[in-house]
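In what follows, chain A forms one complex with chain B and a second complex with chain C.
Entry: the complex of A and B
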């Protein structure tokens, strides 16, 4: 019981990073980023590569993963999403473009890193015991790094000039443009931050759960669940959704078979959305 | 010639070529016939997604309904030993029924919410079948599904037993029939009053509602048709493969069905068909690239999105072409 509680807390914090990135990209660009799960997987693999082949310390590997994914985000936004948005008659095209980039990333990951399951050894040794639950030190570390990242991200969005601009764009693109905000540059920045958060989540979680090239889609679906639970495009909502899913998963895995856990989560989600279509904190029809 | 007659003529030409010339040329190549049959079945399923688009919803749950259809057909033919010719329409109907029941709840959602919930639905159905115990066979699914038998009416054999030497050809003709029938069905649907109502739901459902249109009813009809087509396609899949598993159609297949519609062009009934054939065939032809196959496939997909974001059919054809005008706004309401 306590163990499941602690696992849920660690999982929820990391899922928060994934959900925040997805929400960021969604609210800014109106793009449902199907490639988010693959971005997470790539983050994990970059970390693995940096640790095993380059032999750098873990903290550098994490930074490398964040930077690599931010670069991928920038490239996608600049080279793919921007031209398609300009040319297409329908907004949904970008969503399907995202599905294309998901496949592209997945095949690139497969080519470069193979199909093997990859994990990295725990970064910190030792085990803490709190009220009957055992927590490996590396999980504690992962928890606090994720917490710090989320706090930093929230502060960035709340108090800095670019953060304010990003929030304004999410609220009303046209009006923000009229205020003289460079929408193009901030869209690119938003995409970079979103992708970077996915990379950070991958880099942190690879120490706890290993990654393989085929798991991207299921991570994306998890991210969608969190975003739907909390309300699409709402930052606190994404974090709520992440914790709900993290706890549901941790408790489910502790007490019932794993494929049943997700079935119940999905059924619960569908019932919840029928009752409250906009999620916990979303605007109706966001 | 009126546009309708021109469309009918080009459809008839296509049907003739597809039913006569293609099987004649390829009769010696079971592999190619198999690929074409599969493309046709995928087109039928994708056409369902297209129908949901006409009411302004992005349906990413089509895999769930294809699974329902496939499993219905499999259970009816193996457990109840019914003929495939009864199981096929039954699969479509069961799928449509499941769709309508689920649709009562989820069709209230719009935009990305609907897209995300239907995507979760694909995953839910896979897990539900996985946990279905003996009834669905769990992870091992249902295997050794019999091939379609003989269909006779009043002692007259209409369709011969598929178990003969030319089962590939038989499956090809079945798929071709299903494809052509679905195209006609959807085309007629869009040409009727129902099609106009669907378009009005897409363009502004509040306005349609204020005009006295029962939007819930029409949304359910559209979603029911969509799920029916998925069920038929799934049942065909189960019969050709002679097996079906919870993993036969997964969330990424749902995304592929939507992609077919986009690649072909959302403004055209033929869009999903063109998209499905193009991508399925190109994936087969890229087989020689081995480990680069998926990469090349992804690049083709992104390339088409980049350069033809409104679909392949939005390319203007020369005067003999089928599509002489491009849609004004790219809305599916302007069905060509």
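Entry: the complex of A and C
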């Protein structure tokens, strides 16, 4: 029980970091970013490259990963999503584009970083034993860094002028534009922050989970589960969804046959969405 | 015509002439095309890409040496690769493309059971032969005569590993964790049978994880608590092994961790580090204790093709060699006629060019398993990871 609790808590925090960026992009642009998992993977690989090839300290590698992914987000928004949204009002257009960018990123990652699983040494060594549960020091560190990042992000969104503008765009794009907010510039900023958060998640989690070029899709699927559970486009909802999934996974593996765990998670998700399609805190789809 | 125009014209004509001449040479050069069909994208991409790089590196060695000889004539070897994305429908489309569009008769792949199962009718209808890495026995039993097994199956590897560990390390109990797919579950079931045959106490055999799992703490926690002497990672992909080992050690597990699949030392070193010391897995022909200079040359070629060496390739070097040796034994007819190829399968027997001493010999084995010889005689090598590299513990044969 203790180990399942600890596992759920750590998983939930990791997942929260992944889900935040996805829900950010959705809330601002109504774009289901299928490439979010691939952005996470790219963040991990940039960190790997920075540490092993450039030889920079870990903290610099993390910053490089965040900046690189923010740049990718900006490029995607400016060169791909903006022109498509200008030419087409159909949601399918951006969905297909997002799926295309996922494949593009996956292929580029495979081309540049190869097919092997890549990891970096843990930033902290040692294992804590608390109440019969084991927690490696590296996971504790990632837990607190992720927690700090989430708190900083929430404060940015709540107390800063750009954060308020982003929240206003998420609530009502047209009314916000009428207030003189530069929608295009803030959309680009939102996409950069969303992609940068994916990069941060990849940079932190490569130290404990490692990455490979093909894992993006399964990460995206989990991120979508969290966002749907918590409510699409609602930032606190993504955190709730992440912890629900984290604890469901940890307790499922601990107390029921493991092959049934994800089956039951999906069945539970379907039943939940039938009862409450907008998720725990969400605005209704569309 | 002014002189300034005649010079470029003459150069263009010369270039055209040389191109025509090159075309004539190419047209005269005889080629044997070999298909390579496997998963080269997604989470299991490393399985198919290792096959591809191995075939390309080996073909490059053969071509640099003047080509492959069949009935006194030299042939250039050309590898045509198709990604099946680990999807049966894509595998069928890929096999059709290789067979009907490229005119290929011999295919290396696919990597797993369900994609091999899917292409069986295409192979039969198109008169093609595949050296597969799917392990289910029925894939290689009559009437599926157009397939051969390219490496060592879990049900062949597990009894050898467990017997060694019982005798050498005195293990008495075991738990299994399997990747939740056909290969993983099949290997797990075979491992459970092998453990029962050795009277090992099975503490757990129902733990599985989904493809794409990255955090193995939750699924491993209950297994580690039972503290078996050995934890078996059944059908585990190279991308998962390091993470599973690291998570088990971080949870306090101190017993033996083993698997029946092949792995790469560099990945284990990077992902699990010292935690991987003592990890038992399947090896190939590349450990320093057994490899020949030919394998060392192959390793250099592999590095130039793929960018870096992968120990998994030590088991994948055999497929192309075996196909070509069997074609040579059958003669020119076998290049286009798989029936001629199959007819000589029982007669092929050569010194193994990849293993010092040449034993076990290079031939088609597996009659005891499949009812007829349909398995490449890859030696059964048991490796142990120690301080960043593999060392060989056992070398034997499936027979």
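The rule is simple: the second predicted complex is superposed on the first by the 278 of 286 C-alpha atoms of A that agree within 3 Å, B and C clash if a C-alpha of one lies under 4 Å from a C-alpha of the other, contacts with A are read in each partner's own complex, and residues count from 1 in each chain.
Basically, a contact is a pair of C-beta atoms (placed from the backbone, for glycine too) under 8 Å apart; a residue touches a chain by one contact, two chains touch by 3 or more.
From a predicted model like this one, the values you see are computed outputs, not experimental measurements.
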Chain B versus chain C as contact partner of A:267, first or second or both or neither: first
First, second, both or neither for A:152, with chain B first and chain C second: neither
Partner chain in contact with A:7 - chain B first, chain C second, else both or neither: second
Touching partner for A:259 - first (chain B), second (chain C), both, neither: both
First (chain B), second (chain C), both or neither touched by A:80: first
Partner chain in contact with A:101 - chain B first, chain C second, else both or neither: first
Which superposed partner A:212 touches (first chain B, second chain C, both, neither): second
Touched partner set for A:110, first chain B, second chain C, both or neither: both
Chain A residues contacted in one complex by chain B, in the other by chain C: 106-107, 110, 217-218, 221, 257, 259, 262
Chain A-touching residues of chain C, taken from the complex the two chains share: 40-46, 49-50, 180, 206-215, 217-219, 221-222, 225, 238-239, 242-243, 250-252, 264, 266-267, 270-271, 273, 306-308, 310
Residue numbers on chain B that touch chain A, as the complex places them: 58, 102, 105-106, 108-113, 115-117, 119-121, 123-124, 127-128, 130-131, 250-252, 255, 258-259, 262, 266, 291-292, 294-295, 297-299, 301-302, 305-306, 309-310, 327, 329-331
Touching residues on chain A, where the partner in the complex is chain B: 26, 32, 34, 80, 83-84, 87-90, 92-93, 95-97, 99-101, 103-104, 106-108, 110-111, 217-218, 221, 224-225, 227-228, 232, 257, 259-260, 262-263, 266-267, 269-271, 273-274, 277-278, 285-286
Partner chain C, residues of chain A touching it in the complex: 3-4, 7-8, 10-11, 14, 106-107, 110, 114-121, 127, 129, 134, 136, 205, 208-210, 212-215, 217-219, 221, 249-250, 252-254, 257-259, 262
